[in-house]
Amino acid sequence: MGGITTDIKLIDEKGLRLDGRRPDELRPLKIEAGVLRRADGSAYVEWGENKVLAAVYGPRECHPRHRQNPARAIVQCNYNMASFSVSDRKRPGPDRRSQEISKIISEALEHVVFTHLFPRTSIDVYIEVLQANAGTRCAGLTAASVALADAGVPMKDLIASCAAGKVADTIILDLRKEEDNFGQADVPLGIVPRTGEIVLLQMDGDLTVEEFNTALTMATDACYRIYETQKDALRQKYCVSKDDIAGDIEEAAENIEESKKENELEQQDDVPDDQEGGQ
Amino acid sequence: MGGITTDIKLIDEKGLRLDGRRPDELRPLKIEAGVLRRADGSAYVEWGENKVLAAVYGPRECHPRHRQNPARAIVQCNYNMASFSVSDRKRPGPDRRSQEISKIISEALEHVVFTHLFPRTSIDVYIEVLQANAGTRCAGLTAASVALADAGVPMKDLIASCAAGKVADTIILDLRKEEDNFGQADVPLGIVPRTGEIVLLQMDGDLTVEEFNTALTMATDACYRIYETQKDALRQKYCVSKDDIAGDIEEAAENIEESKKENELEQQDDVPDDQEGGQ
Amino acid sequence: MGGITTDIKLIDEKGLRLDGRRPDELRPLKIEAGVLRRADGSAYVEWGENKVLAAVYGPRECHPRHRQNPARAIVQCNYNMASFSVSDRKRPGPDRRSQEISKIISEALEHVVFTHLFPRTSIDVYIEVLQANAGTRCAGLTAASVALADAGVPMKDLIASCAAGKVADTIILDLRKEEDNFGQADVPLGIVPRTGEIVLLQMDGDLTVEEFNTALTMATDACYRIYETQKDALRQKYCVSKDDIAGDIEEAAENIEESKKENELEQQDDVPDDQEGGQ
Amino acid sequence: MTSNPLSDIMREHICKLISKDQRQDDRTREEFRPLTITTGYVSSAEGSALVSLGNTKVLVGIKSIVGEPFSDTPDKGVLTTNAELKPLASENFESGPPDEESIEIARVVDRGLREGKAVDLEKLCITPGEEVWINFVDIHALDYDGNLFDAANIAAVAALRSAMIPASRFEKGEDTHFPMVHLPISATFAKIDGYLIADPCVDEENVASARLTVVTLENGNLCAMQKGLGGSFTKQEIEKAIELSVRWGQKIRSEHFSEGD
Amino acid sequence: MTSNPLSDIMREHICKLISKDQRQDDRTREEFRPLTITTGYVSSAEGSALVSLGNTKVLVGIKSIVGEPFSDTPDKGVLTTNAELKPLASENFESGPPDEESIEIARVVDRGLREGKAVDLEKLCITPGEEVWINFVDIHALDYDGNLFDAANIAAVAALRSAMIPASRFEKGEDTHFPMVHLPISATFAKIDGYLIADPCVDEENVASARLTVVTLENGNLCAMQKGLGGSFTKQEIEKAIELSVRWGQKIRSEHFSEGD
Amino acid sequence: MTSNPLSDIMREHICKLISKDQRQDDRTREEFRPLTITTGYVSSAEGSALVSLGNTKVLVGIKSIVGEPFSDTPDKGVLTTNAELKPLASENFESGPPDEESIEIARVVDRGLREGKAVDLEKLCITPGEEVWINFVDIHALDYDGNLFDAANIAAVAALRSAMIPASRFEKGEDTHFPMVHLPISATFAKIDGYLIADPCVDEENVASARLTVVTLENGNLCAMQKGLGGSFTKQEIEKAIELSVRWGQKIRSEHFSEGD
């Protein structure tokens, strides 16, 4: 957590957040599968003010060779933030934070890919954060698993990912930037929805054990909602509009813009249902 | 172009330049082939205040392996400026400028080398700029093709290279440093003299299409003069003085010093002839 | 040498040094063999205020491959100072000094290892300076040869290493930090005790030829004393306490602490004898 | 680069089409692919543009900071261009520091902007000799189907044109538009089997022997040029390329950068 | 990572033991290895601690310099954590810049110290906005037998706790103790064959499917957590791990960091 | 390093010659190759020297800038020595950052200059604690036929001796000669088959077991020494090498660096 104090009221008298969300409300989320031509699979995620692109190449010959595993494929994720994705320009190239995120996302994805089917190969996942507003690792993991499915990589299930946290002594879902900077805790989570297995988990800040459990439950419930959006994106590409596979990212951006309000309304209805279903 | 304004009069009332040259006049040029013992081929070029050394190794096994081409040799040029070759010390190691120059020189040389004779190998060309005064990429390419010939690498032809440009609204040949810094345009050119093919071409500054065509013609003509000097250097080594192949670079420097004035006189006579012959 | 002038009196009226040593007196030295579990061989050296750890891995497959020698093993030493081993924090990673030291220690060790027995392999020696007070290259080489023996690598002999130097116009043995900083010369030496061969030698500062010869003799004599301590350390591990091979580095540190005074007394008796024996 | 049966067949196919003034995607030799420009794509940037040139997609973002001028231009802001050919965009691009290909693209885009005087750098000076705007033009290739040079150039021009100097964020007054003066537009050509073709796609690039990029200004003048690859051009081919470049530049400016836009 | 007969036998052996609540070194599943802490090991450091956790040995040294604060925290000192997995410590570690494994360890230790508010950073400010103490926590793995996370965390806490700010060396007054506030203690668990085990040794790490590190404070609160490796945890397993972590933290604090210590 | 028939024959040949006090190039064991020095070779440098030692050619250039002194020597200029073993000079040299061989050469040359007090660094101070001359001694190997140590040392000394401090360029007054005090000259020896030989060429280096460099001053004192390679020397060999080094140093100084020069 930023650990910086502020006068900003992160939760108002009505219990609502800076952007008007309820504590357990997600930011608007739109996912589109298959947005890039060249990659074997791809996905675009717009989640609040986050814009994230994921591309998959492989299974393909593993370079460098000494990383090859004779028994299975390795999943190599490369998470990168564009220099202009944040307010203060980020120096190009991997920093320690992005290397850590690349590692934990790789490990999470390895859990769902049937890696033993492709010995000695590598499955390369590239996550580009084009615009960032807290929660990019969850958005990246969410996008990456859709991209893997779009690439036709055999998987047990998708991974859905979302963070919960604590601001103004309240457990809330899906922190945006100010909530992350001035908040008290952040718990990014990634799960395999079909089994409920936890494949990504980090925590930082200050939480009692009870608060942590509440956050974990809240994030888990949200993952099930995200899972539905992921499946919709794949359905959209492979069933609904089979003859319109073109979908590129500007279109995605436009589509998303248009459906944002629609989405917000939808969500307010759907979410509670999903939440119950998820538990 | 430097794009810096100046009070210096780059062309005087008589139409002459800072160093007294006419617009279409080259700086004094001397080339010596075979100046290094260890390299398979080498050449030293002194061109105005530029001092450039080129060495060739190969065809030899290509490292790293993944760069090997099973059908032909690759030409890998490495252009480097010595830290002390310029007024403000240059940090050692490749910068973006020298990487770009290395690339375009490699590509130009590939055009004349019979690369298909040496599959899987690499022909390595090292260009060291010991003293720089504008025009080093042309001097480097000119030196490199003599060094390739000296190494006995089979080639269609040499490449001759020279720049034209614009200063004080006049199209001129072979810019020196002040003309480059305070000038309006620079057009480095490399051609295959026998065929007139253009293998290196860049341009920066501001030129009308007509001015560009004039500059191109002027630089092309000069390339034919340079070609003669290149051939002389090879004749000098392999015919004229067969029993004196020693020639090292200090000697070259001395020889050059001595023959500079001679050369300047010569040039004023020869150049126009050559110019006609070249067209 | 630091070459910095000082008011500190490096040799007092009685001819004694800052820490009370006579000119030809070593700092307390303790060596323990086999202090690390994971390494194939290891040694810990505490020498004055130097604390140095050496570990050996190999003979093992040589990486990178192009370094392999088909006729023999190569010895690759990596000397490293911990960032906190010196007063001003050292930036992590190899600097030019540590690369030079790594090279000369590798070369010295190659002389005593029967490298032809292990073609194509590499024997990797890692020296970590945990706390530094001048003389770490000698301490490192001394530790490394004990670690090689502990690893069971076949060797002609150990290498013993020690520096002599000059301060206040006096030739002295085994310089500590102030003597190195404000002294006049330093001569690190490494020898093969059985044959007297010199395998490591550097010098810097200002010495007449006679002074150099005196320093060389003084350092050589000291190497024989150090050799005894090296052999004791190996005896300690393999003979004296066969059933107590555990010895880890904290214990080493404690043992050393306890026996320091003992050692100082011992030394004052033993050293002159050794010195004679060594010649 | 290597020769294999499939690429030989592809080469044959492409050459045959070109000899009939046809292309894989139903273009003539001198035709460019459809272009779309989306500015303001990234709100965290001072300016940004997502450009599609056929299937090639490039995103450019501009970021500005306050810093010191170069000592030889104390009264001018600084423009720095970087290109990253991300492995996301093609199986042929690799992670790591920029390779010579991305460096060439960055430098050619940079040369076009600089020599074409796209931006009035003097208006990017805050206090001469002390504080100026340092502006980063970061080019990200997202989807690679050939001709990154032109996609990157157009995205850079569009991003700069849409950018606001973040003066308020740095407490240097009010945000203002970037001081754009000229719109240098690049046009790239490949030489295949003796024919000059405009705007090569990746399959065409793979069989091309030479490449030529020409950057032109509103008045039809040239401001930058770059020849690449191991082949050669004749003088006539270069003249032809210049003519097409001027026409393409005018078209882009009128269709995408007209005043009201 | 690869599969070979020997590692298969080792895996079988370890799993069999664990199913009977046994370990190679006579521990139960929930038991940690013996811990020893030697502070003041390196006199050239402002503080240092050599920690043995079973056969794993980690040395942490603290160095402080005077420098500028970050612009967004002008009144706070800086704490920087680096980990070097030296090839000295294991045949699996390589020379060179920190790899992703050392980066993960450094960041998890750093997160524990930072989020657990181990050090009062405001007390490390000399002149707000101008001079603060920049403190380097350098973690050196010396002998690797698994669970560097906990060994490094404890060594870092012990080194900081024993450190003196070198004010006199920098002519900033008298040396004072580091302003320690909390003692965040980390506990790491591995999942093997469906069982959760505490403090894995290297042979156990080699067969583990997942790893979980939990950092707790004196009051039983959580301040950092990190899941690693390609396996998964259930919610129940995480609850169990938290419970054991709180207990381990209290034990370490009372046995090694009690007041008089 | 590897053994092959050709190199075995070469070794045999060289050893046989040496045993008869002969060398490939008609030298005796203790003889150095002919030396030529061309100063002022590069006009863009403050000073430069091209040195040929037999067929080995090294170019050294000096560049100076104004900068801050080191904090522990506030009243002294800075001398920095770099060596680049360019692939131009030998098929065994590689592109890229300096390898351990170039680092060793740079450091031994540097040690000779520094310990031999070649330059009066106090005269390179402009304003104590604030501004001093930072001087770069850049060594470029151009043609490699062994013994770069001595060629580089002599080129560095000659370049410094011929250099002018570029005070006018930096508006710090008039240009003056570099404040040379001493001329430390290095002599390098190889041990082949038990014999000590002076100034090895590359074929001799390839079969040498050990190398010794000795740097001496005008008064016959020693200022630096470096033993290299996996072989050893006896005390007697070192004494012999010192004696020859002193003689070589005097010869170089009188033939190439006499007052009028």
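In order of appearance the chains are A, B, C, D, E and F, and numbering begins at 1 in each one.
The working rule: a residue touches a chain if its C-beta (ideal position, glycine included) is under 8 Å from a C-beta of that chain, and two chains touch if they have at least 3 such contacts.
Since the structure is predicted, the reported quantities are computational estimates derived from the model, not experimental observations.
Peer 1: Need the graph distance between chain E and chain F over the touch network, please.
Peer 2: 2
Peer 1: State, to the nearest whole Å, the distance from the C-alpha centre of chain A to the C-alpha centre of chain F.
Peer 2: Taking the average C-alpha coordinate of chain A and of chain F, the gap between them is 59 Å.
Peer 1: Counting in whole Å, what is the centre-to-centre distance of chain C and chain F, each centre being its mean C-alpha position?
Peer 2: Computed value for the inter-centroid distance: 28 Å.
Peer 1: What whole-number Å value describes the gap between the mean CA coordinates of chain A and chain B?
Peer 2: Going by mean C-alpha positions, chain A sits 54 Å from chain B.
Peer 1: Which of line, ring, star, complete or other matches the graph of chains that touch?
Peer 2: ring
Peer 1: What's the ring order, kicking off at chain C and moving to chain E?
Peer 2: Traversing the ring with chain C first and chain E second gives C, E, A, D, B, F.
Peer 1: Inside the complex, what are the residues of chain B that reach chain F?
Peer 2: 36-39, 49, 51, 53, 55, 57, 60, 78, 80, 82-89, 92-93, 124, 126, 128, 130-132, 248-250, 253
Peer 1: Hey, which residues of chain E end up touching chain A in the complex?
Peer 2: 1-3, 72-73, 98, 100, 103-104, 106-107, 111, 114-115, 212, 217, 220-235, 238-239, 242, 246
Peer 1: Which part of chain D faces chain A closely enough to touch in the complex?
Peer 2: Result: residues 36, 38, 41-46, 48, 50, 52, 55, 57, 59, 61-63, 65, 82, 84, 86-91, 95, 97, 136, 138, 140, 142-145, 169 of chain D touch chain A.
Peer 1: Considering only the defined contacts, which chain B positions touch chain D in the complex?
Peer 2: 1, 3-4, 69-71, 96-97, 99-100, 102-104, 107-108, 110-111, 187, 192, 195-209, 212-213, 216, 220
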